[in-house]
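What follows is a pair of complexes built around chain A, which joins chain B in one and chain C in the other.
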Partner chain A sequence: MRANVWSGRNGVQVENVPDPTLLNDRDAIVKISSTAICGSDLHLYDGYVPTMKRGDILGHEFMGEVVETGRGVDNLAVGDRVVVPFPIACGNCWSCKHELYSVCENSNPNAGIAEKMFGHPTAGIFGYSHITGGYAGGQAEYARVPYADVGPFKIEDDLTDEQVLFLSDIFPTGYMGAEFCQITGGETIAVFGAGPVGQFAIASAVMLGAERVIAIDEYDYRLQMATARAGATDAINFSENADVVEQLKELTGGRGPDAVIDAVGMEAVSGHGVVHAVDRVKQAARIESDRGAALRDAIMACRPGGIVSVIGVYGGLMDKFPTGAFMNKGLTLRSGQCHVQRYIKPLYERIRKGDIDPSFVVTHRLELGHAPDGYETFKHKQDNCVKVVLKP
Partner chain B sequence: MRRVATITVLGAREEVQRLWRELAAERGADPPVSFMTAPGDRGTEIRVEVPDAPSNAVGQAVTKLSGSDPLAKAKDELRRFKQLFETGVIARSDGTPEGHAVERQLKQRPAQPLEQPEREKAGV
Partner chain C sequence: MPTPPRPLDATLHGVVDYNMGAFLIAAFPKLAGIQGTRSARQIRLAGAIHAGYSALTNYPLGVVKALPYKAHLGLDAAGAIALAATPFVTGQYRRGTRQWLPHVALCVAELSSLLITDPTGRGDYHGNVEAVRQANAIDPGSKLRNGGPAVRRSAAA
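The block that comes next holds the complex of A and B.
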């Protein structure tokens, strides 16, 4: 089959690789109909995630048709149309039983590597380095899906691929980020990053009842999507004015947002040139792995007693974490890779009811063979790119 | 220095011990092991004691790199046992097709599907 593989820093290529086969009774094989490039794939592409290997098949957002099932999979049949959650979860361990699927205790066969990095192992993830298991990803014609009796979600109506594909990751991820904010009605929520996850965090905050949602980014076209499509009430472009914290105070009568969502992660860009340069140098020299501009500003901007919700991906260590502001303002920090399996059904119902049509983020549609162009376009924000969907 | 590998398995102590005994019979020699009911609804804590590491740095490095460190081996066994008990299968990926193994962590396959001979070698 053809698959998009990592070929070193800033390199991916579409190659012929062996077709996947069942390795366990609880596996299924899915013929992929649509797959996407995620912002977190750019962290791999840019070389900031360790334990990548040349030849790794990328991709953790995919859906398609079941073409084979193991003996232990009794809920799926050949021909079923399914969306596959990006965290691989067994459904049996204590964490899965408590709906903490992204920290499944059994699905990572490289648990020892993850334990060294994070203190504890975390779940396997498709196409996302060897810390998360070394699983082949979904930017391919076929994928093997472990614990297929737990993860894949059946789509039994005529919604298009683009309407349901993002249930695999970015819609639930954005939703979880908003849910962390404990919105009961009337809140002001600030969202750092108006990429695809940020768009869904904004849309989810609106759905959950936030009164004002402030989008923060450096690209006007993304901020326009945030206000025109996702429902943001205000926008801050930090390339025009770097002092995001001050602007958030101005917009909130000095109070600061009730909760702030970091939908940026480890490759944050700061409008403060010097701060950004220092973080870039430290990251390049491997003194810090995570650039912290967004998270620092999120903590500084959040109102006392508020919540900072981190759904942008971090991988290691950052410098200058504002512990003083975090502690003295009594903030709550919530975070995690999304427990997709927990959210996929309720969010699917939201799509069916017409509360949201997630396809609004799609700006580019490419054949799988053009995946390398898709990565370049997405990375450099060319052609007003927000989300790239690949068709095998 | 006494070294211990430990893991918590979601199951009643008697059931956990029963499967452990069955698998230990297949494995042959087994290091000293103890079982304790975990607090709350957490299951059963398994604790395995392993021999001391070589006292010199060279010996420690050799055992670590060759994958022959008994502590690492015990941790592999515990992880695989937990997977079997809780899920009925050993977690296998393309990078680590044999399931959790310290030697494999140092020498990963690329994350792409295996050809038939590789699958056989991995015991799949």
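The block that comes next holds the complex of A and C.
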């Protein structure tokens, strides 16, 4: 089969690789109909996530048709159309029993590496380095799905692929980020990053009843999508005015947003050139693994007693984490890789009811063979790119 | 075996080149306590040459872009080794460690930076945006503006 593989820093290529086969009774093989490039794939592409190996198949957002099932999979049948959550979860461990699927205790065969980095093992993830299990990803024609009796979600109506594909990751991730904000109606929520996850965080905050949602990014076209499509009420372009904290205060009568969502993560860009250059050099020299411009501003901007929700991906350590502001303002920090399996059904129902059409983020639909150009276009924000869907 | 990190892309390598060139010319001899010596002149010359061929290199921070990036990296390695060898060729190493240690230290620093440099030079956009435009089944601009709000306020799921 053809698959998009990692070929070193800033390189992917589409190669012929062996077809996946069932390895366990709880496996299924899925013939992929749609897959997507995630913003967090760019951390792999940019070389900031260790333990990648040349030839690793990328991709953790995918859906398709079940073509083979193991003997232990009795909830799926050949021909079922499924969306596959990006965290691989066993369904039986303590974490899974508590719906904390992204920290499943059994699905990561390289748990020891994750434990050294994070203190505890985390779940396996498709196509996301050997820290998360070294599983082959979904930017391919077929994928093996472990614990297929727990993860894959059946789509039983005529919604298009692009309406349901993002249930695999970015829609639940954005939704979880908004849910962390404890929105009961009338709040002001600021969202750092108007990439695909940021768009869904904005849309989810709107769905949940936030009165004002402020989108923050450095690209006008992404802010345009945030306001015209995702429901943001205000937009801040920090490339025009780098002092985001001050602007957020001005927009909120000096108080600051009730909650702030960081949908940026480890490759944040600061509008202050010197701050960005210092972070960039430190990260390049591995003095810090995570650039913290967005999270620092989120903490500084959030109103006292507010919530900072972190759904952008971080991998290690960050300099200048503002502990003083965090503690003295009495902030609550919530974060995590999304427990997709917990959210997928209710969000699917929202799509069916017409609360949201997730396909609004798709700006590029390309054949799988264009994946290398798709990565470059997405990374460098060329051609008004927000989200790339690949068709195997 | 994990792939060794190569965090210095062509842009960052350029930043290091110009900063190192300026540092060697302006500050290093004084900091190393070799001002006014032959060693200082050699190191200043090395810094000037380094900055000079950086300006001629075909990478994002190059001015003329005549020298291929890989040739630039080759010059970096050759220049570093030549700098380290200079005190021993001229015999100045006999006058004390300050007459050879800075050369060797700079050589080690340069070779170390080459070890973490991405030699492909592909840190910047190297896609084919025209091919993407032609292959794309969607008009991205229309997705940004048209279609109205894709979400509506509603009760909890």
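Quick notes
Convention: the second predicted complex is superposed on the first by the 392 of 392 C-alpha atoms of A that agree within 3 Å, B and C clash if a C-alpha of one lies under 4 Å from a C-alpha of the other, contacts with A are read in each partner's own complex, and residues count from 1 in each chain.
Please note the rule applied: contacts are C-beta pairs under 8 Å (C-beta built on N, C-alpha and C of every residue); 3 or more make two chains touch, one makes a residue touch a chain.
Just so it is clear, the model here is predicted, and its values are computed rather than measured.
Applying the stated clash criterion after superposition on chain A shows that chain B and chain C can sit side by side.
In the overlay built on the shared chain, the residue A:T21 is in contact with chain B alone; chain C does not reach it. In the superposition on chain A, contact of A:W94 is made with chain B only, not with chain C. Look at A:Q382: by the touch rule set out above, it reaches chain C but stays clear of chain B.
Legend: residue contacts after superposition of the two complexes on their common chain; A:R54 is shown touching both chain B and chain C. Between chain B and chain C, more residues of chain A are touched by C. After the superposition on chain A, the angle chain B-chain A-chain C between C-alpha centres rounds to 90°, nearest 10.
In the superposition on chain A, A:G137 makes contact with chain B only, while chain C stays out of contact range. Of the two partner chains placed by superposition, only chain B is touched by A:G112; chain C is not.
Shortest separation of chain B and chain C in the overlay equals 5 Å (C-alpha atoms, whole Å).
In the three-chain superposition model, chain A touches both chain B and chain C at residues 51, 53-54, 130.
Here chain C touches chain A in the complex through residues 1-3, 5-9, 12, 15, 116, 118, 120, 122-129, 131-133, 135-138, 140-141, 143-145, 147-154, 156-157, going by the rule given at the top. Residues of chain A that touch chain C in their complex: 8-11, 47, 50-54, 130, 203, 206-209, 221, 224-225, 228-231, 280-281, 283-286, 346-347, 349-350, 353-367, 370, 372-377, 379-380, 382-386. Those residues of chain B whose C-beta lies close enough to touch chain A in the complex are 8, 10, 41-43, 72, 75-76, 79, 82-83, 86-97, 99-100, 102, 105, 108-115, 119, 124.
Contact residues on chain A toward chain B in their complex (touch as defined above): 3, 5, 17-21, 23-26, 51, 53-57, 72, 90-94, 97, 105-113, 124, 127, 130, 133-137, 144, 146-147.
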